[in-house]
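Here is the structure we will look at.
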Amino acid sequence: MLIVVALLLVAASATAAVAQRDPARQALVLSFMGVLLAALFTVLQAPDVGLSQLAVGSALTPLLIMLSVRKVRRRGRAKKETE
Amino acid sequence: MNGWNLAAAVLLGAGGTAALWGVTTGPPARRVIAQNMTTSAVCPALLLLSQGYGRPAYVDLALLLALLGPVGTLVFARLLSGDLSDGRPGAWGLTWTAAGAGTVVVTALCVAVGPGRALVKLLVTGALLIGGNVIASRALAGGFRGVRGG
Amino acid sequence: MNRLRLWLLAVGGAGLAVLLVAACLDLPDFGGDRHPYGDRAVHASLLRHTANTVASVNFDQRAYDTLGEMSILFAAVLGCVVLLRQARDEHRAPPEPAEVARPVRRYALLVLPVALVTGLYVIAHGQLSPGGGFQGGVVAATALHLLYLGADYGALERVRPLGLYETTDALAVSAYLVLGLAPVLAGTAFLANTLLPYGTFDTLSSGGTVPLLNAAIGMEVASAAVVLLAHFLDQAVEIEEEHGS
Amino acid sequence: MHVLPYLVAAYLFLTGCYGLATSRNLIHAVGCLAVCQSATYVLLLAVGYRDGGTAPVFSDIRPGSRPVVDPVVQALTLTDIVVGATVTALLLALVLQIAKRHGTVDPDELRELRG
Amino acid sequence: MRHLLPLPVALPLLGAALLVATGRRLPRIAVEIAGFVVSGGTAALTLVLLLDSAPTMTEWVGAWPPAGRESVGILVVGDGPALGMATLASLLTLAALAYSWRYFDAPPHGHTGAFTALMLVFQGAMCGFALAGDLFNAFVFFELMSVVAYALTGYRIDEAKAVQGALTFGIVNSLGAYALLLGIALLYARTGELAMARIGHGLDATGPGGPDALVLASFVLVLTGLLVKAAAVPFHFWLPDAHAVAPTPVCMLLSGVMVELGAYGVWRVYGTVFAGPGGIPAADLTRALVALGALTAVTGAVMCWYQRHIKRLLAYSTVAHTGLFLVGLGVLTPEADGGVALYLLGHAGVKAALFACAGALLDRFGSVDEHSLHGRGRPLRATGVMCAVGALGLAGLPPFGTALGKAVTEEAVGGPLTVVYVAASAITAGAVLRVTARVFLGLGPRPRDAEYETSGSDEEPETTGLLSRIPDTMTTVPAVLLAAALAVGVVPGFGTLVARSVARAGPGGAHAAAHWTAHGVLLGVASAVLAVALAGLAVIRPDWTSAPGWAAPLRRLQSGHVGDYVAWLLVGTTVLGALALPGVLGS
């Protein structure tokens, strides 16, 4: 049952991650999905994989995406100011 | 399925669904709060699972989540500070509820585990979880002001 | 054009969905009992006194895959260094110091050492309990960035001599390769774990070369993640384009 | 239950592909690629699962005392996660350069390479 | 000797790591010499191993020899084709490094060795993929190869087209790689093994009465991954976008060997994993590969003809030729396999040389546009001659290696498909000859611009400013490559040697030989004459050949939009599944 719960939540969050068209909001969903995937891996008895998913998915990937978003937005702002 | 696992399933299902709903709807500020609540829901669930499966080694997962979850929230709080500036709901009620739930779970596990090295790890995890949760909420409610260039 | 894409997507997606669902129905039932390779791997791991079978698969039985994985990370970091270099029409502007609420700052500075120690713990116990070089390395690297989150970018830059991390990254890769090449010089196979004693089961020094390879990966991942994030942070925070270009 | 995990994996892959194909923002597309990749994690681990099994880590249990799941797929998934993270980073780096050189991250507005 | 098999992977990686570790302190010249030495040493090693490859060498990395028949280690296979591909990759890397000698303008600050190190990692990855005998290991090196290729393609970050092409390349190829991994997971679920040969045995043992949907799906997914790399239609869209914009030395590697490694992977995986009674029936593979291959060849040739961006034109010619390789591999006879191997060797030399010539134009004039360069290439006599010779090689004019390989393959394939071979090679060669005539001789009127196309003018040169004269390395390297392509066809006994070593590695281990035949020579000369005629027609009467009314829809498909390419990838998997379906239904 635990596996079913985790699987359904992962599937739902994947749908949400695709449906969120704004990258910053998608990053939030992806970070949620990363944590949920780690929980799924734990119930699938793969703690090693869960750990690396946590390490990557909860902080590293969101940080990378958010930094990219910030750079792209900052660019847009700077451009608007000069125009 | 034993009681620990059942509790974990309930926590994961209810907390996860609520957090997912919060993360995908509403204004940005609320979404980040929901993202923070993910940690508060999943981390105790992982602790319960470790007990339910009879594998003390699984506590590492909860420890890491308690450590990195709030860091992830801080990332959003910092890099979305512009979007969050309008209307900062503190959500303190939710925060303290989550902290309370975390305390209950950790206490229950401590009782079940008994004294030893595992207990220390549990207490550290609990402290990190609750402290991180509260601080992340604080950061969301205006922890980063005047962050422009940096 | 857009409509064509949607049609293609519908046709292709439907076809692939049918194929995948049909395949799923033919797969052995979930939770089945037949895992020949897995059973052999567990046996081989115990034979070499490695308590964490996953570490044994990663750093002993299939260490060659891990070499590839490590090279992917190394190449990607090198690629990011090249791709995110300062272009000719860009300059660096030191960021303004950020104003961070005091409890948040205290928390970040308090958790930083805890996270570093946790990272090292996860690396060191890789061959015993869940974890290993990769997981621990990422945690340690993330820990360092609490300085950026809790203070400002300047603080992070002061404790981050980037050249040193880049060199460490490359040296860790070299160390892994040298550990792999040593058995070849001794007349056996590449990456063979036969030169060192296997030690006592469930202790830090068990498993022959497994802890060494694990440590090399830990070092590589930690420094690679720092370098990677550094270049993204530079782009997001420091590097600006010349206006009017 | 017998096939649910496999079906979820298939669903993840297709959803990610849908997102990739219809994306209006390249950063979003890279995120969708990560969703596609999570399909491989789920499929691999589901394939290696054994009912009633536990993790093949013998620091806190005696070898042979309980059935264990397949360690090989876990090692493969670990490699896969590293690959995913690095590919994401590299592609994001390219997206940043596209944003600089083209002034947009909307694939519909990138019109230089065609024909 | 067999212990040395993983070294062609390990040595370049070690060299790259040390270069990065010390790179910030070394002067540029030292870095380039070091890269040259490591790459050359690896090439020599692969050559030594290749000469020792009969009987086939196998090595269990990590010293896990199989207990009984089963091992937990990773198998590395050193047979003729594997080591041949590794040698080809190494030699081409060496050529590319020589070509790029003091080539780019200032390397990234503080990372003098970055480009050389990336090239070395690329070399190691290609060797690793070629030698892999384990399916997951093949995936790892496949991915390593891709990651390095993305970074190298986007190397010139000042170029808008380069970063866009690199991203398209990255997304499409990563998606293909994930499909490949899904296929591997399905195979693992069925057989519980990862070594290719063991998976093959497992399929034969567990498939009760031939293949089922699971085998079909894993076949389709694995082939999707490999065909994306091999740029078969409709997975090919990324290739022109990426190859046209990558730095020239990288193009030489991408077009010369990386794409061909995809085709090699198809041959290896089918032969080892799916060829048994539990796998995909031969008739189905032939149907799938011949259909997609012929379509690829035709599409590539047509699109090649209508390009004005010279590097893009060459990229499409790679697409067309890969299609020809796939057709040859698809008929599943040892003769055809040997022919394809020879064709591939000759093609690698010719194509790399042609890219080198295009690079010389780019760095001399800052443009690779056929229209704007009209007549401006007159001073570059050596480059022009090499361009023309390369074009004839592409057409398969005897005695080039391409001609020998093409003749052998045509004979093995037989029937109406010969027309595809002649047409595709003639059209692509005709396009290159047309460019040569216009750019280096200034023949004919300047053609008019079309509406939907990629222009190659105003590109940044890859060197420090425009070159006033072409350095010797940039003319020597293509000359050597062309000579090598010629040698493949001329050196007596070489063809038979290659054919025999390929046949030995294939199923059955049949004897094979590759000789010049009158029929093959005639067809080769016919393609060359046709190419010259087409080029002449195009130059004299540009209006006859450049009004692409019927080709416009085809050109519109190449939209540069990554979403379209992903949709096409899904369609491609469906088509593959449909093509291979009858065998599964029939069993």
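Going in written order, the chains are labelled A, B, C, D and E, and every chain counts its residues from 1.
Here is the rule we use: a contact is a pair of C-beta atoms (placed from the backbone, for glycine too) under 8 Å apart; a residue touches a chain by one contact, two chains touch by 3 or more.
Which protein is which chain? UniProt says D = Sodium:proton antiporter.
Predicted model only: the values in this text are computed from it and were never measured.
Think of each touching pair as a link: the shortest run of links from subunit B to subunit D has 1 of them. Highest C-beta contact pair count among chain pairs: C-E.
Ranked by distance of CA centroids from subunit C, the top chain is E. Distance from the centre of subunit D peaks at E, each centre being the average of the chain's Cα atoms.
Averaging Cα coordinates per chain and for the whole protein, the chain whose average falls nearest the overall one is D.
If each chain is reduced to the centroid of its CA atoms, subunit B and subunit C end up 24 Å from each other. Averaged C-alpha coordinates give centres for subunit A and subunit D that are 11 Å from one another. Taking each chain's centre as the average of its CA atoms, subunit A and subunit C sit 17 Å apart.
Among the residues of subunit D, those touching two or more other chains are numbered 1, 4-5, 13, 17-18, 21-23, 30, 46-49, 54-55, 57, 59-60, 68-69, 72-74, 76, 78-79, 82-83, 86-87, 89-90, 92, 94-97, 100.
Counting partner chains per residue, subunit C shows two or more touched chains at residues 5-6, 9, 13, 16, 20, 23, 25, 27, 35, 37-38, 41, 52, 54, 57, 62, 65, 68-69, 72, 76, 79-80, 83, 87, 122, 129-132, 134-135, 139, 142, 145, 228, 232, 235, 241. Residue numbers of subunit A whose C-beta contacts span two or more other chains: 19-20, 27, 45, 47-48, 50-52, 54-56, 59-60, 63-64, 67-71, 75.
Chain pairs that touch one another: A-B, A-C, A-D, B-C, B-D, C-D, C-E, D-E. The touching residues of subunit E, counted against subunit C in their complex, run 3-7, 9-10, 13-14, 16-21, 24, 59-64, 70-74, 76, 108-111, 114-115, 117-118, 121, 124-125, 128, 136-137, 140-141, 143-144, 147-148, 150-152, 154-155, 157-158, 163, 186, 188-190, 192-194, 212-214, 216-218, 220, 556, 559, 561, 563-564, 566-575, 577-578.
Within the complex formed with subunit B, the residues of subunit C that make contact are 93, 95-101, 103-104, 107-108, 111, 114-115, 118, 122, 129-131, 135, 139, 142, 145-146, 149-150, 152-154, 237. Against subunit D, the residues of subunit B that register as touching in their complex are 53-58. Taken in their complex, subunit D has these residues touching subunit E: 9, 13, 17, 20-23, 26, 29-30, 33, 36-37, 39-40, 43-44, 47, 72-73, 76, 79-80, 83, 86-87, 90-91, 94-95, 97-98, 101-102, 107-108, 110-115.
Against subunit D, the residues of subunit A that register as touching in their complex are 3-4, 7-8, 10-11, 14-15, 17-23, 26-27, 30, 33, 37, 40-41, 44-49, 52-53, 56, 60-61, 64-65, 68-69, 71-72, 75, 79.
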